[in-house]
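By written order: A, B, C and D. Residues from 1 in each chain.
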Amino acid sequence: MSYRELKREVYEANLELQSKGLVIYTFGNVSQIDRQKGVIAIKPSGVSYEQMQADDMVIVDLDDNVVEGSMRPSSDTKTHTHLYRHFEAIGGVTHTHSTYATAWAQAKLSIPCLGTTHADFVHGEIPCTAEMTQAQIERDYEQETGVQITDCFKQRDPMASPMVIVAGHAPFTWGESAAKSVYHAVLLEEIARMAYLTRTLAPSGSLLSQAILDKHYLRKHGKNAYYGQSS
Amino acid sequence: MSYRELKREVYEANLELQSKGLVIYTFGNVSQIDRQKGVIAIKPSGVSYEQMQADDMVIVDLDDNVVEGSMRPSSDTKTHTHLYRHFEAIGGVTHTHSTYATAWAQAKLSIPCLGTTHADFVHGEIPCTAEMTQAQIERDYEQETGVQITDCFKQRDPMASPMVIVAGHAPFTWGESAAKSVYHAVLLEEIARMAYLTRTLAPSGSLLSQAILDKHYLRKHGKNAYYGQSS
Amino acid sequence: MSYRELKREVYEANLELQSKGLVIYTFGNVSQIDRQKGVIAIKPSGVSYEQMQADDMVIVDLDDNVVEGSMRPSSDTKTHTHLYRHFEAIGGVTHTHSTYATAWAQAKLSIPCLGTTHADFVHGEIPCTAEMTQAQIERDYEQETGVQITDCFKQRDPMASPMVIVAGHAPFTWGESAAKSVYHAVLLEEIARMAYLTRTLAPSGSLLSQAILDKHYLRKHGKNAYYGQSS
Amino acid sequence: MSYRELKREVYEANLELQSKGLVIYTFGNVSQIDRQKGVIAIKPSGVSYEQMQADDMVIVDLDDNVVEGSMRPSSDTKTHTHLYRHFEAIGGVTHTHSTYATAWAQAKLSIPCLGTTHADFVHGEIPCTAEMTQAQIERDYEQETGVQITDCFKQRDPMASPMVIVAGHAPFTWGESAAKSVYHAVLLEEIARMAYLTRTLAPSGSLLSQAILDKHYLRKHGKNAYYGQSS
């Protein structure tokens, strides 16, 4: 894939953030990796969705050096590259401050699996990271945001749980491509909204049973999946 | 009615789900039965509303065999056919994960009748099914979802309460046709939203009196109804 | 004003209910009175906003007799005529099931005056009626709904508090014209939403002080008003 | 800048209030100052956004005298001029009754800093003023609203916290220009909404750590800022 094509796909995925109502002004950013070339394309920092052009996407290598582009890349770039270095199966990353997912992040709570809408897409709770320490903030804030995330996935498959919420901050999602990571950002926001409503309606309600959780996840994912047209 | 006409009506009812804001991506499905031919038309599994064509609807008999169509029917097909076999008066079935109705399902709570908006359309509470057991899940998950629903209607007329919420999952609604089942899905979402707001505002508030509940239901339904233009 | 003009104004006010997002399907109804002729025009019962024509509005006298029109008037007509008979200064009446106002009605709570947005338009709390008794329901449900409302205004000026919520049911609003009653229905929904958010955020928060309440109401109403361009 | 240009900018900023969904009917008002000429342009009182023309904006001096314009200026004008007299760095002021910010005002609570979305734009909590006394209301209500606001900023830099909520009333925001003050009004509403959701989900949750709060504010503001393209 040429840089031009990579930038076009990332540009369109960023615009999708806005058309799905997940971002206002310059909030949010999406990237996609070309594993062969070892580079990502990512949204430039602080540019509005209305003004942005495909060619404004910035090409950055996995050591955070700008390879092509006249603009400064997203201030969250080091979080993205950290995720690409540690999650080898992912092809795209999305960061938003979508309202309900951010409310869970601000409450510093993982999102429990309360229903099949959640279980259809994520195998278990959506983890909330630990809070960052003063030492981490001073070391390298954006890189350490990535560390907080990957620390949650030591015992967890990032492709079976393609989303996380960063304590006090907001969500990150990923997938096989930029477009798939945006799809997961939209699903997370809806799951977070349903979980908010469920918890405020019935604060001590029980979780979805593990049996139904497994059933719903596995009818959509894995070798015996039977949802959809592909098989 | 020809298969072509049946598929057209089901296709339009599915599109209505999206235009009313009840579904995102491939969520949800609507079916309609031709009682004379003993077949239903239903949305194909995992196809987005943007790409779907009328001819993609799948014709299935009441034993869940595909009669016509090149695509796989909705993964929830067995729940639909179970309902058609047990509720003889119904002509259409809708399944969504609409936000507020799903929050009640996730809270595993029936929706109490708190006001006349509810009583205008449903005669009594909107039941929440029991949770499914491990044995049921292993036997036949989608069929057993239907069993959970029909178990709620042993003492209840499904035409006077054309909606249910499945514990941990989401709502199903029905009616004389696919279009009428979608209409009930929209009403359920609004009733669920009002009930959520009422309960979080006044957690220990009282129910609507049985007298007003009966009055409102009966001024719209039954032989002495006087709402609307038909009589 | 001719019947034709009266029906046109009522028709447009009904459409405004839909464009402001206060109603779905056939919910809601608006009327306006011609005091000289002693008749009102009102929405026909159970007709959708898309299909409705100006000429479908029904002309009814204050004894609830249809004077002109081929359709049946709104099932709530007797509540409207009761209000016109008892509130001599009003020219239009609106009934909706708008979401937040209906949640307060279902909670059977008056809306306390918590801020200046409320005080700008209503001088004091927005009353919630008493619940209707079985005897009232059997006597004449729609007429008695009017009685429940006027009973709240024995010590209150209906023009200084142009809105009410009926316990277990939904709001009614009024004003100098049909259009003004719809304006009050929109304001009520916004006031009800803000009050819901305030109460769920701070359940034991204090009311707006009487001094600010009076100040805001009186800077917009009465002989010393100084808001707006007319004076 | 000519009066004509000043009025044009203020007119467009007022329209932006409506297109961002912060106001209904005649709610809200925006002004901008020309420091050299010592005048502001402000929305006229009680005029709807649909009818308003650029030339309807009113030119007022800092002693609240109308300098140019045939309409009466916003009833909140004295609050605006008080802010311009006391906050020397500001160029524009916005007042709305946006829903979530107003709910915090009605709850008479400052908005605590719960996450980085807040810290990106405001350095610390968003203060809620004290309630106004009877004596203040009688003296000069709109002027004293300004006093309540500036009293919150004796120890606080108004440019680092460009927003406030007035107890029992609603928010005011400001910035270098009218457009920037509207931008802050939109951000405040989103911050207020997220904080509402966070507090109702986890009423006793902890604040954002001071270290992250400082980090986020300072990566966007001050001499070492590295967000965006300008530097």
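Following the convention adopted for this analysis, a residue touches a chain if its C-beta (ideal position, glycine included) is under 8 Å from a C-beta of that chain, and two chains touch if they have at least 3 such contacts.
Just so it is clear, the model here is predicted, and its values are computed rather than measured.
Bringing subunit C onto subunit D by least-squares fit of CA atoms involves turning it by 90°, to the nearest 5.
Taking shared numbers over all numbers used, the subunit A to subunit D interface scores under half, which places it in the different class.
Centre-to-centre separation of subunit A and subunit B, using mean CA positions: 33 Å. If you average the CA atoms of subunit B and of subunit D, the two centres end up 47 Å from each other. Residue positions 200 of subunit C are each in touch with at least two other chains. If the chains shown are joined wherever they touch, the resulting network closes on itself as one ring, and no chain has more or fewer than two partners. Here subunit C touches subunit B in the complex through residues 24-27, 44-47, 71-72, 75, 97, 99-100, 102-109, 131-132, 134, 137, 141, 168-170, 196, 199-200, going by the rule given at the top.
The residues of subunit D lying in touch with subunit A in their complex are 114-117, 183, 186-187, 190, 193-195, 197-198, 200-202, 205-206, 208-209, 211-212, 215, 219, 226-229.
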